[in-house]
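To keep things simple, chains are lettered A, B, C and D as they appear, and every chain counts its residues starting from 1.
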Amino acid sequence: MLLLQTILSGVLIGLVYALVAVGLTLIFGVMDIVNFAHGEFLMLGMYSSFWGFALWKLDPLFTLPFTALLLFGVGAALYRVVIRRITDAPMLSQIFTTFGLMILFRGLAQYFWSPDFRSIDQSVLTGKVAFAGLQFGLPQVVAAGGAVATTGAVWWFLRFTRLGAALEATAADKEAAALMGIDAQKMFALAWGLGAACAGVAGALLSTTFPIFPEVGANFILFAFVLVALGGFGSVAGAFWAGILIGVVEVVGGYLWDPAYKLVLVLSLYLLVVWLRPQGLMGKA
Amino acid sequence: MSPPLLAVERLTKRFGGLAANEDVSFNVAAGEIIGLIGPNGAGKTTVFNSLAGFFPPTSGQIRLDGQPVAGLPPERMAALGVARTFQIVRIFKSMTVLENVMVGAMLHHPAVRVATERALSALDFTGLTRRAHDPAGRLTVAEQKRLEVTRALACEPRLLLLDETMAGLTQTEVQEAVELVRRIQARGIACVVVEHVMEGIMPIADRMVVLERGHVIADGPPRAIAEDPAVIAAYLGEEYRAPGP
Amino acid sequence: MSRAVLGRTIALAALGLAALFPLVVTSATWQNTAILMLMVAQMGVAWNILGGYAGQVSLGHAAFFGTGAYVSTLLALRFGLTPWAGMFAGAGVAAALSLVIGWPCFRLKGHYFAMATIAVGEIVQAVVNGWDLLGGAVGLSLPLHPTGFWPMVFNRSKLPYHYIALGLLLFTLLVNWLVTRSHVGYYLRAIKDEPDAARSLGVSLTRYKLYAIALSSGLAAMGGTLYAQKELLIDPGSTLSTGLSIKMSLVAIMGGVGTLTGPVIGAVLLTAIEEASRMGFGGTGRGTDMVVYGLLIVLIAVYQPSGVLGWIKQRFPASAPAAPPAPASPVEGAAP
Amino acid sequence: MPVTFRASLLAAILGAALPAAAADDVVIGVMYPLTGSAASTGLELKNAAQLAADLINGTDKSLALPLVGGGGLPGLKGAKLRLIFVDHQGSPQVGATEAERLITQEKVAAIQGAYFSSVTQTASQTAERYGVPFLNADSSSVGLTQRGFKWFFRTTPHDELFVQNAFDFLRDLEKKKGIKVHRVAILAENTEFGTGAARLQEKYAKENGYEVVAKILYPPKGTQLTSEVQKLKAARPDVVFQSSYLADAILSMRTYKDLGFLPTALLANDAGFNDSEFLKTMGKDGNDVISREVWALDLAAQKPVIGKANDIYKARHGVNFNGNSARAFTGIFALADAINRAGSTKPEAIRAALKATNMGADQLIMPWGGIQFDENGQNKKGAGIIVQVQDGKYVTVWPMGPGAKDVVWPLPAWEGR
């Protein structure tokens, strides 16, 4: 029973990891850029929820669409102002740029909002979900549900809308997409907007359970990287399944083995998988 | 009788369920020029990649001087005397022309000074000397293709695999390329030439091997091949390039 | 004056400046900043062999830096071995470790490789963090005494550390230079440009990438020993962190990837920015130093993606070919 | 790059290079983590230290602490204290670098810092090399005062004493309430802070005859603590000893509640559980947590100066003192006291004065016997207390004497709070 409970807890947190990673993999898939500042989108999503709550007593769930829009704007604007200029730069310069952005965002958050830890203490989401002898916190269940819904929406968007198809086409082959009359610049901005919005939504969903502070992105970014590489760079479905896998391995592994080494366990699993299958679980070879 | 330089024996290569090559067999004697032709998708490049060690064959054997070499990696094949060029040129863009060729020469002469000398003489042989110190990326397409040949020659191969070195060249450039292949042969180096440009390959090939859908459908002197009904049928299926006079 | 001559003149001038600096500038703070620059430069030059020349972007190099620090410190604490020997022992252990790590990781390319090295670095950090022999999370401390040449601990004077750091940097540059002048250097660049073409010319990718990672990590480890001797405290958080790994690559990028002196220039610049922003704004407690530091990095990356040397090359294009004219050689084939 | 920006950067560089201070000021370097994940704490420490200096430099004598309102240090003809704050970013190397800059560029008379034990270690090494007094008010790693340093002084008690306190508290409680604790579990962050405390807790638990049923170290900067809490739950401990910083303190409490884990008592090792934000976030769920401390507001009942000092701090910064900020505040007073008696800013004189320090309990806002350093520089008269959250406030429950509240034991169920 305890094991089942543990496995399901792993799935719940894994789904949130997946949502963060979906945004990252989307950006990567379209632009071949690894965004080191992705955790900071999550941080901004959290602060957006926090200020909505602190200033107007609005519940993070209520402000979630606004947070998503806001982060979409941040992502798209970031593309327009900064990323656009490094599209064709070598991989290292791109890492360098997004790493700088990461530091900059953290600094700005501290500058404007102080380094204090914030939290949202009265959400509509309190209480527990209990069934068949299992129990989970309602916020975690809602966060996981929201993550599934958002990931599903992104997947649906890519599969079944014209705009999504255009985005996928750009990801597959930029030149070919350009010949088909797709404006790559727009697609890139869209990818950054969507990617940031995904992380922002994840931040909003986490904001009722997780403390909010300028460096909070650091806690999630490593797992997001692992998920993206494990699932296959650019694969939304891959990131989703990798999220569940990693969530379960982390929680169950920590429970059955030593929590001090749960990170080692997760990372070793990742290395083993990419060693056997270098393109990741669902990546294109 | 001593074994041929290269013997390809029932070479089969499958990707997933699809067979790119099936039971491909042919020989190459020392110093011979073999034309490897066939319609698009016939599996020419797959044969090349297997010969050069880039794809381990699914079954069958490749022998060099009678020794089995199938499944050896490219770097071992190169050391054994098999060098190649690429259909889409892969020159080292961050290097100069000379440095590109030096990388090839270092296979047998790791010392930089010796490699430089060898590379310069190879450049001289292919007529690129005056470009030696230019960044490789600044060469024209024809020159880049020639650079790839030079680089492969610098490895001092016994067998040179040339993958569409004449595609996209002007008439004059094709003639220069033909001339170059002849001179390479004159140095005793056998060549397997994959080519679409028939006027480039027909006059120089000692023998032609024709592939269709992964199978060898003809193997013989160019004259005979040009009149082979099976070959004509295979080529009529697609856009047909008239063979040379 | 041709660019090659100009470059050599500048390099000599920089060397002279580095050698004379602590004799002229007596402020300990400036001396210390200079040492930091030399140490960071050394890391960047070491990283550059693998990440710059061979094009294998490692973001886990702190694992090797830390290995050097831990091995020499452990040998000093346990067996009283002088860090001068420990430095080479650490380099050996790190090189061996890098082969074990490199062999599987080199199956991966591009971003996949970079991500895998982050994972490796994090694993090493987590393992050391729980390893009692290595002091766990607390780390290992070296005693302040005795001081002197053999224990490589110096009290107030910064000069010994400065010259050790300078010597180590020059040694690392020398190794780097020798590599670029040998067939290994050519092979590494070939692997970076076109791995398949390199293979077709007889270059074993795994073998030469392993050469590169062993050299690169061994040299990084030597820097780790110097860090341990200078700060006298090593812990997983400061010697094995991914942040440190990224810093090594940052200096190389900032100066110019795959160039001999690029990382040195990058290190001087990055350290200057880092120290100045912290000294200038760090005391406010508002994160201003991070804003300044982050902003400068972004600006440099966006406006000068090929690094300082790239900028110089654009600004002052070579007027004449840099290489000497080719010697005539006997012709083997017929003339065209 | 905008010109103004370049100019300000240049000014910053030059500013750092210029010799410091009007000759009259007594300059003290203060180093805390002002960026990074501990920046929030660092800022509190900075504020408290600055307040102490301002009180000494000011002329308002209403707070009954020595030197307050004297308009500076009388022993140096009214020289003012000037604090220079630096950010060590939580990095031992930066700590050493900044200590050196403070000593050689800013010519500080003494240094106070650095919160993180690791940074305190390297920074104090630098001070030792240069022969400048280093006062540490808030790092509790035992080893710091075992290095035989001549220039290192620590006012706060260290971990060993704190852990001892916790077990003395348990003993006293068992006696008083006629209960018996059998099974203890240890949960700690896998860092220098957490592992050090966990090791001591394990040692003392065994010595006191308790069964350690689980010792769980979790990686810092995690995203969840589910596996840890499941493990705890499976071990069925009576008492959980926990060492966590704020984020993990909040996360663990929420996970306890969600997974229905309820030990008899939770004995926290300060840090996150005593952070001003902790109770704000946890609300009623934070009630009845027990934690070791060095300071509590209810001590003001016996020692009015505590309440008075807290009023001033709160008026300025909107929050109460806590154990950390109170210690930083006290550190500056200890330094000021020594420098004043030394009558000089010469390092050797200050060191001699520090060695001779003998501040009484009434001269501090801490519940200590006073400040007097032993030969290793450790304050002999420091003491810890145990607090419990009762009705949303930290109240002193140990030492069990007059003024101490009764302990709520066991933890009440999560539901129906």
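A few points about this structure:
Convention: a residue touches a chain if its C-beta (ideal position, glycine included) is under 8 Å from a C-beta of that chain, and two chains touch if they have at least 3 such contacts.
Computed from a prediction, not measured in an experiment: that's the story for all the values here.
When each chain is reduced to the average of its Cα atoms, B sits farthest from subunit A.
Put simply, the chain nearest the middle, going by average C-alpha positions, is C. If each chain is reduced to the centroid of its CA atoms, subunit A and subunit D end up 36 Å from each other. The distance from the centre of subunit A to the centre of subunit B, each centre being the mean of the chain's C-alpha atoms, comes to 48 Å. Here the CA centre of subunit B is 75 Å from the CA centre of subunit D. Of all residues in subunit C, those touching 2 or more other chains are 126, 129-130, 285, 287, 289-290, 292, listed in ascending order.
Within subunit D, contacts with two or more other chains are made by residues 34-35, 39, 42-43, 190, 217, 219.
Interchain contacts give a graph that is no line, ring or star and is not complete, per the touch definition above. Interfaces, counted as pairs of touching chains, are A-C, A-D, B-C, C-D. Here subunit C touches subunit B in the complex through residues 181-183, 186-187, 189-190, 192-194, 196-205, 258, 321, 323, 326-327, 329-334, 336, going by the rule given at the top. Contact residues of subunit A toward subunit D in the complex are 2, 5-6, 9-10, 13, 17, 107, 110, 114-119, 121-122, 128, 135-137, 140, 209-211, 213-216, 218-220, 223, 250-255, 258-260, 262-263. Note for the complex: subunit D touches subunit C at residues 1, 8-9, 11-13, 15-17, 32, 34-35, 39, 42-43, 46, 84-87, 89-94, 96-98, 100-101, 103-105, 118, 121-122, 125, 128-130, 141, 143, 147, 190-192, 194-196, 217, 219. By the touch criterion given at the top, residues 52-54, 73-75, 78-79, 83-84, 86, 90-96, 98-99, 102-104, 106-107, 110-112, 115, 117, 120-121, 124-127, 129, 132-134, 148, 151-152, 154-155, 179, 183, 186-187 of subunit B touch subunit C in their complex. Put simply, subunit A touches subunit C in their complex at residues 28, 32, 34, 82, 85-86, 89-93, 95-97, 99-111, 114-115, 214, 222, 225-226, 228-229, 233, 260-261, 263-264, 267-268, 270-271, 274-275, 278-280.
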